[in-house]
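Alright, structures below, take your time with them.
One chain, chain A, appears in both complexes that follow, with chain B as partner in the first and chain C in the second.
The block that comes next holds the complex of A and B.
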């Protein structure tokens, strides 16, 4: 039985097991039908032209882990931002771990989606926000059908969350191959501020396939900083679908750091519904071996006077492949839009491949839109200059890599996170240059 | 712009909707509508073709039957019914003309109205022209002068008979029969086109030119151009086209193949001015064209196009940079107004070492039109030190049009250097104000700004064409800014 059939047939059992009264019962049933019709995307679809899911969907994944597992904090401490205090929402094999988590219900909700879906007091919020901006493509629908657990974050008006929130999904490797479908709902009220770090981490070499969906709502003047750290084990694949709806004068930034994993696909979609929104999409990708990272972004400018900034940097070693598929749409009413997109790539080895497709679709005339895309290599002169100053070749290259990635790193607003990412980059390129940028 | 004054422009704008929209009553020999194997055979027979050519056409027809129309382009239109088109139409007063005096006076009148005075051109411009009406070549000038240099410039139907070894070797070598839906259709039913061969080391002394005109109603135009530049030769080739204004949509599916052997250079310029349909978007030519060139060692192919006509444009002049050190260039201006839709761009396929390509694409959209740039730059794994620079700029006029950019970049070699940039903007109010302030009226100011915007591409056109193209730009954008 292939994975699609397995998912469709196990949905029946899953639906029975859940309570019927759940407000999302209908949503689920509709979603599974969409998935059944469409199936997994193939390379024939324009959006998946450069990424094939075949190698990962042809495995026999267990969809519901059989037993609960626990892990000791000391074993996974390094995956947390442990040097500062944070709120934590932790899942192990898709099941919430109260032991590792630190949640709150006081004046704001940083807790679980399963609770929000069940408890009547959250019903109003769920009705307004749940599954409202997630699209009907096959993978998102698949997630919607099976969604039962994930982070639920609701920040009310004028609330500034005092410490960052970490959302971490661990896979223990108790199953030979595990499929997880976390679902996050994040609502940030008027004038509220929040910082969120999301991470997926496999603790073994067993296959993991994560199909995650996150919906984020930024109300008027909300500020959201979202960081995705993708440094997973070599047999873990991730499809991340993130949808963001912005209201007037809201600021929202998403930074994606892709260093690990087998196949990673980021579908990041911004919808600017209010005037004077500001969206930032940035990413650094450093991959090697046979890794594959696909960044597929969309910024849809619907209201006038908005801005968007995209900046993606990629370094590809060995026979890794990178894809950048960025799209800016400016609708007819979105006059005075400023939309910028930049994508710079460096191929380090002969077998590495990069496929870029930066697109503009403009329907309004009074706009400033541009995109730039470059593919090249390190400047030999710069390298030579550094080496004449007595710095070894490897370190010299590392310096240039840092400089290359710095436009993305410098806008990380949590200092401890910045240090952490610096270390990750240093480890990834195998050097220590002894300072932080 | 020379002596072209503001009054001239004003007069032009008032009178010139589409000045080539007339129909000439020339007796013609037109096939009944429909397409099947017999029609393909009949066309081949009519052209007195050898058997290998008939087989080649039939093979293409077999492929075509299995293919479906491409839908990926960013255009919307009612698909033509391919059984509703006549696949052969020729001015019937044959045989071939040896001198201008033999040409049907009606036809000569057509050319006069098109602004191609054969006599005059002979004396002044020094351009050799092959004129194709409804896919049939009716006049080729300067044939003898060229023959002295060993240059073959003739209708492709003559070339099939007179130079079968060349045609056989190269036809379909760059655009194979099964390349795409329209190329397959063209391969099956093409009725004529131009053939050009420049021998080794010869620099073609004059511009070669083909002029296309669709005249008959209910016909499609399917011409095929084959240009071969042998080692170390050079040729500059021009192509122009017009059609009568009609309410129904006419189909134009051409194939152009360029072969630049070692050290050769081909410069191919097009001013495309098919009937674009009226203000409500009714009628107009569907322009589905496959153009591709292959560069061998140290060769260079340069495409320059000015696209102002057609209801639908679907056209991607491409370069396969097969030989080491070869160069591909693409300069394009695409103007859309009213309900026109254009999806055009290029493909640069880098295979050889040290290959270079440059893409400059300018899109201008006005009215309710949609203008898309779609391009591919592919660097193969063996293409060491490949270099590409692409620039796509779009200019929007008014709030009902759209400008889109779909570039694809695929790189498999670490030594490649690729730069791509695209911008979208409108004509600034301050720019217009500045011109107004200096006594330049808004109409003229826009023409001035558009000209500046397009300069990089216009500069690449041969002189005679550049002037025509500039005027065309102004006319196409008539009344688009309020």
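The block that comes next holds the complex of A and C.
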């Protein structure tokens, strides 16, 4: 049985097992029909032209883990931002781990979606926000059909969350192949501030396929900084679907660091509904071997006087492949929009490939939009300069890679995270020289 | 120290150096002067190891060792330093960290112990003072947003920190105002000793007023056509290059 059929037939049992009173029962049933109808996307679709899911979906995944697994904190400490205090929402093979988590219900909710879906006191929020901006493409629908667990974050107005929130999904490898579909709902109230770090981490070389959906709502003047660390094991693949709706004067940034994993697809979509919003989408991709990372971004400017900034840097070694598909839409009312998009790529080896496709659709007449895309090799003059200072070629390249990625790194607002990412970059580019920042 | 014998070099089959001979000994300051496009910067880059030029004939030895096959970093480890005409910007890497890495890598290559942090800090302070460099400047990204003069001064600062045996200064004077030029020249004079040598590449003699050369070589169309003392530089300043070109013809 192929994965699609297996999922569709498993849904009946899954739906039976859930309580009928669940407010999202109908949403689920509609979603599975959409998935059943559309199936997994193929390269025939424009949006998937350069990313094939075939090698991933042709595996026999467990859709529900057979048993709960536990992990010792000391074994996974390195995946946490352990040098500072954080809230933590941790899942092991898709199941919440209270032992590794640190949640809160005091004047804000940093907890679990499963609880939010069940308990009546959350119903009002669920009804207003849940599945309201997630699209009905096949993969998002698949997630919607099976979603039962993930992070639920509700920050009421004027609340500044005093420490970052980490959302970590571990896969233990207890299953030969595991499919997970985490679902996160994040609502940040008026003038509230929050920083979130999301990570998917497989602890073995067994196959993992994660199809994640995150809906984020930024109310008036909300500030959200979201960091995605994608440094997974070599047999772990991720489809990340993140939707962000912004109201007036809100500021949202998403930084995506893609260093690991097998296949990674980031569908990141911003919708600016209020005036004077600011959206930042940045990413650093450093991959090798046969890794594949696809960034498909959309910024939809709906209201006037908003800004968006996109800056994606990619370094591709060996026969790795990258995709950057960045779309900016400026609707007819979105006058005085400032939209910038920058995508720079370096191919380290001849066999590496990048497919870059900026798209601008502008229906307003008084806007500033720019996009720039470069694909190149190392600047030989710069390499020579560094080498004349006694720094060997490999380290000189590393220094240049670091400099290249720096425009993305400099806007990371959590210093400890920045140090972490720096270390990951140094490790990824295989140098140990101390160009600490 | 440096011996260049009958050096021919070309790029894309165009011959740029057509048989350069040059000998620089410890304790000496040499100046290479010449009009635009005469091959001055090419010569500097080839000595430092740039491989985009093809050396078709001749040899370069440094302290008796043939260095023509060595990588730029290996030449640096042996004590050759090139101060660039157009230094490269490296965002996100501070001046201090860059120079720290350069010193560390060079010492490692020469199987020397790492420089202790306290010694490094002392050295930084000493050399920054020597070149009147503000300490804040050192934490800025290397050359990023630097003015032309700041870039040049930073090159000489790196030179001072690396303490090379042979310093090649490629057009260091361009982009420097007269005050900065004096500071740089004073700094270089302080660094000069009987064990090291300096090769100054320049258009004009104004740097040479402050950094007095023992020998002046005139490079025209890929060949050193005349060698003299500092007086030759004054003569050039006064009369331009045409008289030499004429002299060479006859």
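Annotations for the structure displayed:
Everything that follows uses one rule, which is that the second predicted complex is superposed on the first by the 436 of 437 C-alpha atoms of A that agree within 3 Å, B and C clash if a C-alpha of one lies under 4 Å from a C-alpha of the other, contacts with A are read in each partner's own complex, and residues count from 1 in each chain.
In this text, a contact is a pair of C-beta atoms (placed from the backbone, for glycine too) under 8 Å apart; a residue touches a chain by one contact, two chains touch by 3 or more.
For clarity, every value in this text was computed on a predicted model and none was experimentally measured.
Of the two partner chains, chain B is the only one touched by A:46; chain C is not. Of the two partner chains, chain B is the only one that A:375 touches; chain C does not reach it. When both complexes are overlaid on chain A, the residue A:123 reaches neither chain B nor chain C. In the superposition on chain A, A:33 makes contact with neither chain B nor chain C. Of the two partner chains placed by the overlay, only chain C lies in contact with A:393; chain B stays clear of it.
By the touch criterion stated above, A:193 is placed in contact with neither chain B nor chain C.
Residue contacts after overlaying the shared chain place A:347 against chain B, while chain C stays out of touching range. Against chain A, in their complex, chain C makes its touches with residues 45, 48-50, 52, 71-73, 75-77, 80-82, 84, 86-88, 90-94, 97-106, 109, 141, 158, 162. Every residue of chain A that touches chain C in the complex is listed here, in rising order: 379-382, 384-393, 395-396, 399-400, 402-403, 405-407, 409-410, 433-437.
Those residues of chain B that touch chain A in the complex are listed here as 72, 381, 394, 396-426.
Across the interface of their complex, chain B is touched by residues 46, 332, 335, 345, 347-377 of chain A.
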